[in-house]
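Here come two complexes built around chain A, the first alongside chain B, the second alongside chain C.
Entry: the complex of A and B
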């Protein structure tokens, strides 16, 4: 008996010592977020409290790192998902777990992972809490850098579909070569050359069984993409072309037509000035690991939206959402800073930002084939305009304590196409925004926003005013009112009044808000979700360590 | 060729090899795009019948794709497949009176309730026998065929017979629903029955039509309401709560006035028995009110 106890004691001692040693060289990081809402019914704005009155949702990430080894878990809980988020999230579970080993140029992950090939035209796995979007892969990922300048990536698995995995298997590889870095292995002078070139290519294939009794469906659908990024002095060119083979799905009306996409961004940038010109062509590039999926479910790829992503409240009324079945868009942006102590720069300098974008349908032949849909004419815009905007912003510091900005935004918004609302107005909106910051002393600041939206369509004119008082580094107190004063229906001329208090300490942040939120569309990078009107108390806690 | 070049070409060759391998995972489909043959399409007496509840809307441009899908599936599965078009949700809201089109209201209280129960967020969408397929209850139309195919050849667990007596003068329908269990079961079993009208001509937005606003669209198997009066209109009446044995029979008699706005020659009753806990449909039947 004594021997057994001694042996046990010895083993505990050894394992404790080993464990202590492991812990000594390890690091644990984490982040948490909790969002909640207490609802009040307000039929005037179309806000209805669900039966449970309160919704609370949150997540916690824990990451353990020990040298080249990393492991992590993510727990999510939605009881229930806040109104506007997909209610299929309701429930609680560990949704993300992985182990990763990265050593000597070889990085292997098993479990859940996020990954992107190139610009994401044929593969992007990512998560966005605000959108309620998560298409994490569950499988195996390998990244290998055999030598400087060459990187190979492989990804294999299924995509997250709420608390399950989607039915399709996604597998892809990506190869990228940085010519300068690679050749500098042999001749150092290559790393300092003005012309820098990075070439890449990727292939993604998805598998889904064909159980359709009606039609022959491709069980393996392949897409490939080729890209080149070139830098020369202050100029850059970023380009990617993608092609997808026959992929009948709900998104494209079950047609067998191949899809393709072209994404180009070129620009010039140096101190005080930046110019960017972008273009994008998309034809039938809805690519999902379940051919029956809709909304934001099980997307394999990401098709970035070119129009400027607005942040000011009234400017977010008409956001653009990417049309994966076909769009032709272009954008130009100019940033210029008038230096201090010049005529236009004044004492502190002046900055102007100018951008404009336009999104059209793609040109198609009227002759429609039942199996292939209309034939598209590559790089030819169609007649229907989906979106257009012009943004002009000027920012100026007036005194050491006072600075401001003024912005004009013109938007054309095809509500019919972007929101799928038949018979909806085509909206032409003019938005003016003025923002001021005033620094009272080293810790106390005031920020104000005045916004006005003018349109003859949709819900007509809006005005918005915001005031924020902050006491650095802890307190931020905000109040704002959006007022749809131009609404044709007098009952819908509603004040959407909101108040919000934020307390920040260390890496923690607690916020409580109360008020009415108008219905709208929230878009991030062209991916959108509908936000219904709501009224009541909102609260949020974020923390990380 | 020096060592550096050899290394470079070696890496390039490896990359090309992997890419070539990857391209093998691609199926390119050529004509014919449709499968040959299909289901049995027979109408033997005790076959399992499957219901597709198609949530649709006249302002939903993609919904006709789902209508065409269910038509094609009907051609394969014959009377073993029953389709119920439920106009509900955002795209079923009629335009204001006085608008030149889309003013007709196809919606019903029962359809709205089912729409809310199944938490529809997009249209077209459907449920097949209210049974999950591939982990999902709500199915987009490309999955309907496979989901129906999974169920339709299972042995029937119950038989439903509908016996109508319809007086055209008073427009009164008397229906007897007879259910015979073909399997032993345990649970809460309910029977529900809906009034359906076929071939209603009205506006429909169709993304594949030119022009897209189709004035004389044929709306098929449209849910018009329930055979049962409230509070049983959406979820029907309980016929068993506990064990039932093969051979047990249940009979319900219902009377309903058929609206003068309906074409009585196109009106049918769809009745089904389902498990109230899982909501899964066990058996269904459809019969016109006039021969």
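Entry: the complex of A and C
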């Protein structure tokens, strides 16, 4: 026993010494987050405490780096997932692990990875904790740069589906050439040319066995995309076209017609001014590694929504989510700064932001085959409007201690289509927002927000007030009240009062809140999840190292 | 046995932290694009022996935009006095990333901006939320990280930049 023990001890010493030597040049980084909620039942707002009273969820990331070698794990725990998160997240497990070797232009990953081709129209694998979204790939990825300016990517694997992988196999290749970088290998002056062009192409294919007893479903579905990005002086044009072969799925109503998408962004910008005009066409681009999947499950691609991403509380009441089965949208946006010491700029300058977008259905022929689906007319808008917004914002610093902004937003929101509700109102809303910052001294600050939403539809008018006191660099103390004062039912004219304290130190942040949270749609990047009303104590800890 | 493994791990971890004391940060190697479409590898981010700030932000993140706007007011003074450089990493996805250049120009910011469209660099740097700011000295030693922004944070940050500029010399 004693011999055994000393041998073991000796082994440990040796291994830890050599291990330590390897680790001499190594680095370990990571991050943690814990989110929790203690519930109270509040039947007035439709918030019901689950039987367990408290939900806790969290993750930990660990990354190990040694020169060209990287390895990492991600552990997630949901006991249970907080109300509003997908309850299929339940339990604790290492959900993500990978090893990567990246040297001399060759980058190989085995295990889990995230990847995006172009704008993501046919392939995007990513993760967003606040949305509860993770479609990480589990397989192999290779990125190769044979020479400056050329990048080739290959990826294959299955997608994460909660605690397992989805049934379909996803494989894809992407090639991109930056003409200027490539030609600068031969002639240096190419890298400083005013005209810069980047071209790219990708192909993605998914495989899923056909178990349908009645239909003959395609087991392999191919999609491709072509893109070109051009910069010339202050102008730019970004474009991507995608095509998907027939892919009957639950999401598109099991129709056989192929899908396509076009995404265009053009712009002009130089110091003090920025202007963009964008357009997007989507026809039948629901693309998942399980044809039966719905909601946000097992999406292979990402269809960015065009309308402005709103951040103020009442402006997030009516957010737009991309309609993958068909939409035609356009947007124009202007940022302009009146420089300081000009007539309209005043002493500190004045910032103006303007944007407007519109989303319509797509035009389809009425004579349709049930099996093929409605034939659509490329780049022709349909009659039904899904969404429209106009945003005007002005920001101004008034004195060294005082600055503010005012905003007006007009929104049209087709609740039937966007939320998939039948017989809901088509909402027209006007939103006004005023925000002020007042600096008491170098570290103490007061911020206030006043928001008002006017609409004759849905739950009618809302008002919101917020006050935040911050002490740099550690403390934020916030209180806000959302009040649905216009609600037709007097019982539902409710104050959603909330208080929140945040303590930030270094790369750590602790927050504790108490109050009532209204039901709503939380959207990030055009992907949305429904959040029910809740009441109680919330807390969150996040930390990076 | 389990205890022993833990012990060994603990031992090696202490070696790592010992090793890390004096060493410069190993910047992850991620390929990103700048606003003009030029390709840049993050392992090459540096500021020629002067302090470097790397700030993660997004066009839709109000505190981030506030922080960068506030620093922008004094950025040329900061550069003159300390030689500091700020690289702003936009984590906007393809919904808003195409709008970053007009946004930055519209605000008259002078920062180098890189587009982390699928969050690869964000994940590699273990950034959970934005804003998240890293400060490196001239030898790329990580001096400070900070998450969230309260008005006045920029003053504390600049104090650290100044002492980093002195110690980097």
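Just so we're on the same page, the second predicted complex is superposed on the first by the 528 of 545 C-alpha atoms of A that agree within 3 Å, B and C clash if a C-alpha of one lies under 4 Å from a C-alpha of the other, contacts with A are read in each partner's own complex, and residues count from 1 in each chain.
As a convention for this text, contacts are C-beta pairs under 8 Å (C-beta built on N, C-alpha and C of every residue); 3 or more make two chains touch, one makes a residue touch a chain.
Keep in mind that what you see is a predicted model, and the values were worked out from it rather than measured.
Aligning the two structures on chain A places chain B and chain C side by side, free of any clash.
Once the two structures are superposed, chain B and chain C can be ranked by residues of chain A touched, with C on top.
When both complexes are overlaid on chain A, the residue A:245 reaches chain B alone and has no touch with chain C.
Within the superposed three-chain model, A:236 lies in touch with chain C and out of touch with chain B [touch as defined at top]. In the superposition on chain A, contact of A:412 is made with neither chain B nor chain C. In the superposed pair of complexes, A:363 makes contact with neither chain B nor chain C.
With chain A as the corner point and C-alpha centres for all three chains, the angle toward chain B and chain C works out to 150 degrees, nearest 10.
Of the two partner chains placed by the overlay, neither chain B nor chain C lies in contact with A:42.
Between chain B and chain C in the chain A overlay, the least Cα distance found is 19 Å. Touching chain A in their complex are the following residues of chain C: 4, 7-8, 11-13, 15-16, 19-20, 23, 25-26, 28-29, 31, 36-39, 59-62, 93-96, 98-99, 101-108, 117-120, 123-129, 132, 144-148, 150-153, 155-156.
Residues 4, 7-8, 11, 15, 18-19, 22-23, 25-29, 31-35, 38-39, 59, 61-62, 65, 69, 72-73, 76, 90-91, 95, 99, 102, 119, 121-122, 125, 134-135, 139-143, 145-146, 148-150, 205, 207-208, 210 of chain B are the ones that touch chain A when the two sit in their complex. Residues of chain A touching chain C in their complex: 8, 12, 15-16, 19-20, 23-31, 33, 61, 63, 65, 67-68, 70, 102, 107, 114-116, 118-120, 124, 126-127, 129, 143, 149, 151, 178, 181, 196, 198, 229, 231, 236, 238, 265, 267-276, 278, 302, 304-306, 309, 311, 333-337, 339, 349, 351, 353, 437, 439, 442-445, 470-476, 502, 504, 506-509, 525-526, 542-545. Those residues of chain A that touch chain B in the complex are listed here as 86-88, 146-147, 150, 152, 161, 164, 167, 171-173, 175, 182, 185-186, 201, 203, 205, 207, 211-222, 224, 245-246, 248-250, 253-254, 256, 290-295, 366, 368, 371, 420-423.
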